[in-house]
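Look at the two complexes coming up: chain A is in both, with chain B in one and chain C in the other.
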Partner chain A sequence: MPTERTPVIIDIKGLQVLVDVLIEQGNEVFGPQVIDDVIAIRPLTSVDQLPAGWTDDQGAGRYRLHNDHSHGRFGYAVGPQAWKPLLHEPTLHTLSMTQSHAADPVEVHVTATRKGRRAFLGVRPCELEAIVRLDTVLLRGPNVDRAYRSARSDLMLIVVNCTVPASTCFCTAMNTGPRVSENVTIHDLEITELVNEHDGGPRYVVTPASRQGAEILDVLGSRTSTVAMTNQDALDIEAGFRRAESSIERHVDTKELHDVMIASSENALWAELADRCLACGNCTAVCPTCFCTSVNEITDLSGTTTERWRHWDSCFSLEFSRVGNAPVRSSVASRYRHWLTHKLGTWHDQFDESGCVGCGRCITWCPVGIDLTAEIPALRTAALSGGDSRPASGDQ
Partner chain B sequence: MRPRLLPRPTNTPPTLAVWKFASCDGCQLSLLDCEDELIAMVEHLSIAYFPEASSAMIGGPYDLSLVEGSVSTPHHLERIYQIRANSNTLVTIGACATAGGIQALRNGHDIDEFMSIVYAHPEYVETLAAATPVSDYVDVDFELRGCPIDRGQLLEVIAAFLTNRPPRISSVSVCVECKSRGLPCVMVAGGTPCLGPVTHAGCGALCPAYGRGCYGCFGPSESPNTDSLNEQLADLGLDNRQLERLWRGFSGWSPEFRAAADNAHGKDNEP
Partner chain C sequence: MTVTMRPARAPDIPISYGVLERSDETHDVATLRTYPVAGRLPSFAPGQFSMIGIAGVGEVPISISSPADDDTAHSYTIRAIGAVTQRLVRAGVGDVVTVRGPFGRPWDMASAEGGDVAFIAGGIGIAPLRAAIEEVVRDRQRYGRIIVLVGATTPDNVVFRPWLESLRQTGVDVRLTVDRPGPDASSWFGNVGLVTELIVDAVGSVSRVVQDDNPGDEATRDRLSAFLCGPDAMMMATVVELEQLGVDPDHIQLTLERNMQCAIGTCGHCQLGGLLICRDGPVVTATQLGDALTTSEL
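Now for the complex of A and B:
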């Protein structure tokens, strides 16, 4: 990308101007807000809606917010849902078909996909990586997903780097954060929040990452006072990232992880996990890269109209693994194994990248707190020692 | 749903009968509540027996029987055999008909003692020892869950019957509905006990949408791991008595929830 990546610094008023400019240019802006005791993504028109002073306390099966009265607006990690519901809707009407009489032709009406410009403000680095994953699957494969394509077009992605990771984050292990990687090019602006509790409000280092991003920054410069970054600012930013990185508690050894997963298919650990797993599907619903759906056709009472709906589905559902008349993964052990093996193993074979971006949502939002990072070392040890000697039970 | 068994005239719409056993009528009201669709329904179905809605009572056999309520008296027992013999397709509706309902709380206790406390003349009361689901006695073609049932799901079952296809009723957990609605988990984010992860979807996550935990009124989901949820709920601070009460709700007599309640009860009585 030929854009010059010169960052500018704005204050909170400047951030409001950025939101105003985005709206004036016809974007619907979305951003993080505190809704029902969690950080949720909602339409945003004012920076006052951002979670000022809020931070999160996340653990396995546990999420709490508290306000520590810091000046920051982005002092927390990811909330329960990524941007996935806005890009890949949980339920979607795709088609209706009508045939009033047996002799008539079938009228097919394909549901229009969404239109309009949008801007996502506050996309975290791991979430941006997750959008890269969804792009690979839904846009670059042999079959392009119409609904996803239209949701992804006319979209401005504004990343806000993480300075306060949660205890469930492991982006450093997956190479996806806490700062956006140089290798990712799908976003438009990169923002880092600088909070100095002694000298008033937060400041924002804004770096263009695309031509559109640079244009927005030009408009911003003409509407509000921006200042150039000083050497001290650069040092503060680096120190902030080092603090963020060293505060990350969870780690995954990704060396040959694909092979470890493939070698683990008979491990007895899957049956042990199945004793705890509720097969509730929360982990797949909150995972920003899980993309599976099912399609249902529903007839009306007269039998003349059929509506086709698509909805999120999950490899933890029995029905989802039904082939012909029976499920191919009838045990919970086999369904859990399928999920984790796909995320960390076979995703590489299919798409040449990891299916996991280390956001930690599946750890936090699992009602019984199953933590994949805690299970991988045992799989690795068994795989390296030539497999687990215990027979896998209850599995198929 | 299985194909029709009994002969019927082919030039008339299929007949519908709605039957009540031990129940509150709430599920039948869900049918009357289908206001917008009622007209279409009577175009495609002829209502032959539905005392809650119409005084016309046409004799059987019936193409579709909807049965509400649990089997609770010797008279119920006689009737359910008759209804089954007179119905091509029999669908049970609601927690009472599919799992015994809240009245199944009496099951396994001293029924004579209950009667002596509740009724002035217990000798006039004829009852079975247990209130049980219809499927304990007769073949059921489809069980529609809920307390009460969801009217959208009821319409789907009727539409499926009319077009002779299997109903699209998902048996995944309530969590799936919670997450599709974008509701944050009340258990993870609030520490509120919730049966959602092991409860059959269908309500659209009604209770969590109001910040309450799921009461399990749609009964067990397709693979309910109640032991693991019991442990998690205990970690959230529920003692064994509270756990037992949570499971013994509207679907408390379903084998899975009953085992979970017995488990908690058993632990309470451990020395």
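Now for the complex of A and C:
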């Protein structure tokens, strides 16, 4: 039904009504806010909590917020954490086991599920793509991750397109932004913020993207004044996206990138990167697609009850690859190679898509400012010239 | 948008199995024969593994070493190398362990039918091969000659030695080798050296036998299927040796070991290049493996 896709325009009061309607329908709403000098995702009840006028200045190893007093509430790019902690918790109690004597059956109580409806307001297009990647890994494999499945249930995803990318963004190269792609279908509403500094507050172009999204828009229409989009609005939006796209500074040539990565296993660049990399794991913690976890068990003093916990883990840690008494990847070079090769190469083999959505977080939050976009050209050149690399396999 | 759920058979939730019987194989290897006490695992195939654990200590991937035709009682042959395996090896009869599984791709036995079969093990690597060997021996009319090559550090560390001797009695070409014959060298009648050193003689001669039986059959050398389990370095050397003898890499299967936390393809630990070992392995062919083991620290 094409009418379902018809966008409407609301003002900031209308956006508050949207939040109110979501809450009335039983959702806990989350959205971006300024917390500790960064844009962070927190529970949200009022549009006044949104970062009005704030924008970010990001670079390799650099992040600063400043307020330029514009009317926009979404005039910045991604903060340090995406929505990943809400969907794939950093620390999770998965189950308890009780056993009084070694010969008793173990009673297992599973806790890794959550209840309640949630709505995420302000998901950026690249972040939505990252959720698509997590869905593939945690829901579409031969087995499903129980905790993630319950976190993904009863969830409204409301995308806000990017109009002010950061200098670290390279979504255009990865085909993940600055506007949500038509190929993505997991969200419910798509919003674009229109800011015209001459005629007052921001306006929001809201397009339904699912049946639930369309229903919310119907309720919204009965509660607040919505206006149809004019031709001029459509032109303004297009111009906004063109501006956003042309402001993107970083680029990655993704042509045969999988093959380039696979052919680069013996490249000397890894050792050079290892001289700079601290193996701190910041890049894996901020990356919206990194999903690796470890399990550990904690027992009470009597040894009767065991709590099984799951934590985010990082392939930069030595323990991560431990087999028997030794790690497989003991050098930092091999760990950096593993991380980047997984993101851009082997992720395709494992999950048929890229593990990188071009959000730039690993560039911003690397304490020594390692920038993958600056390293890839050298890998490509070496891989193409043959060098010490092996012939590439078929294009992925 | 809400994601549609599909029913899971709870491969992430441990269930209880009791130790029915235990046997010490070597000073640090024991076999635990387990039976279901609360719930039971789905059927398994040789080469698959379970996550077996002791509540409060942890759980680790261990292959099922008993034949797949006994679907109730499962055996695990475990070498004590760390926190969890040490406790498992010390488990007593009647103790309850937790299990999840079975996981992973099994040995592809069907592809070996009609040809010769070689099982090549290093150390504890004989454990994941045992169920496959039992199956081949049981259905031996479907296969050509059966070769079992086992390498260990010392004679005392040969796992399943009595069983291997009994296999030899039934006509299986069993050859053992050790790195060091140890103090009682005079009582060791097997070979000394690496297991790879046994291959040319054992496999090469088998290929000739098959060729004699089928004169002019160019494909006979390819009709040897090899099943490997052992340390990475041993398996790589074995693959090289077998390929030099002309064995088709599609017919060389190996079972791989990597760190595993979840065994259901979601923890990321068991990656080896493009493979997730718990999902795409642990059994892979030499073709699938490519240069993954020869690339250092992959």
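As a working rule, the second predicted complex is superposed on the first by the 380 of 396 C-alpha atoms of A that agree within 3 Å, B and C clash if a C-alpha of one lies under 4 Å from a C-alpha of the other, contacts with A are read in each partner's own complex, and residues count from 1 in each chain.
Here is the rule we use: a residue touches a chain if its C-beta (ideal position, glycine included) is under 8 Å from a C-beta of that chain, and two chains touch if they have at least 3 such contacts.
Here the structure is a predicted model, which means the values were calculated and not measured.
Partners chain B and chain C, brought together by superposition on chain A, fit side by side with no clash.
With both structures placed on the common chain, the touch criterion links A:E266 to chain C but leaves chain B unconnected.
Contact with neither chain B nor chain C is seen for A:D68 once the two complexes are overlaid on the shared chain.
Applying the stated contact rule after C-alpha superposition, one finds that A:E24 touches neither chain B nor chain C.
Of the two partner chains, neither chain B nor chain C is touched by A:D218.
Of the two partner chains, neither chain B nor chain C is touched by A:D253. In the superposed model, A:Q81 makes contact with chain B only, not with chain C. Of the two partner chains, chain B and chain C are each touched by A:T299. Across the overlaid pair of complexes, the angle with its corner at the CA centre of chain A and arms to chain B and chain C is 70°, in steps of 10.
In the superposed model, A:A40 lies in contact with chain B only, and not with chain C.
When the two complexes are superposed, the chain touching more residues of chain A, out of chain B and chain C, is C. Once the two complexes are overlaid on the shared chain, A:D275 sits against chain B while remaining clear of chain C. Nearest C-alpha atoms belonging to chain B and chain C sit 5 Å apart in the superposition, given in whole angstrom. The interface of chain A with chain B overlaps its interface with chain C at residues 296, 299, 303. Residues 35-38, 40, 61-64, 79-81, 85, 90-91, 274-282, 285-286, 296, 298-303, 311-312, 314, 317-319, 332, 364-369 of chain A are the ones that touch chain B when the two sit in their complex.
Touching chain C in their complex are the following residues of chain A: 94-95, 97, 99, 102-106, 108, 110, 135, 137-139, 141-146, 148-149, 152-157, 185-188, 209-210, 212, 262, 265-266, 291-297, 299, 303, 306, 313, 315, 320-325, 328-331, 333-334, 338, 342, 345-346, 348-350, 390. Taken in their complex, chain B has these residues touching chain A: 37, 40-41, 43-44, 155-156, 158-160, 162-163, 165, 168, 170-173, 175-176, 179-185, 187-191, 194, 196-198, 211, 221-225, 227-229, 231-232. Residues 1-3, 5-6, 8, 11-16, 18, 37-38, 55-59, 81-82, 91-92, 94-96, 98, 257-259, 261-262, 264-269, 271, 273-276, 279, 291, 295-298 of chain C are the ones that touch chain A when the two sit in their complex.
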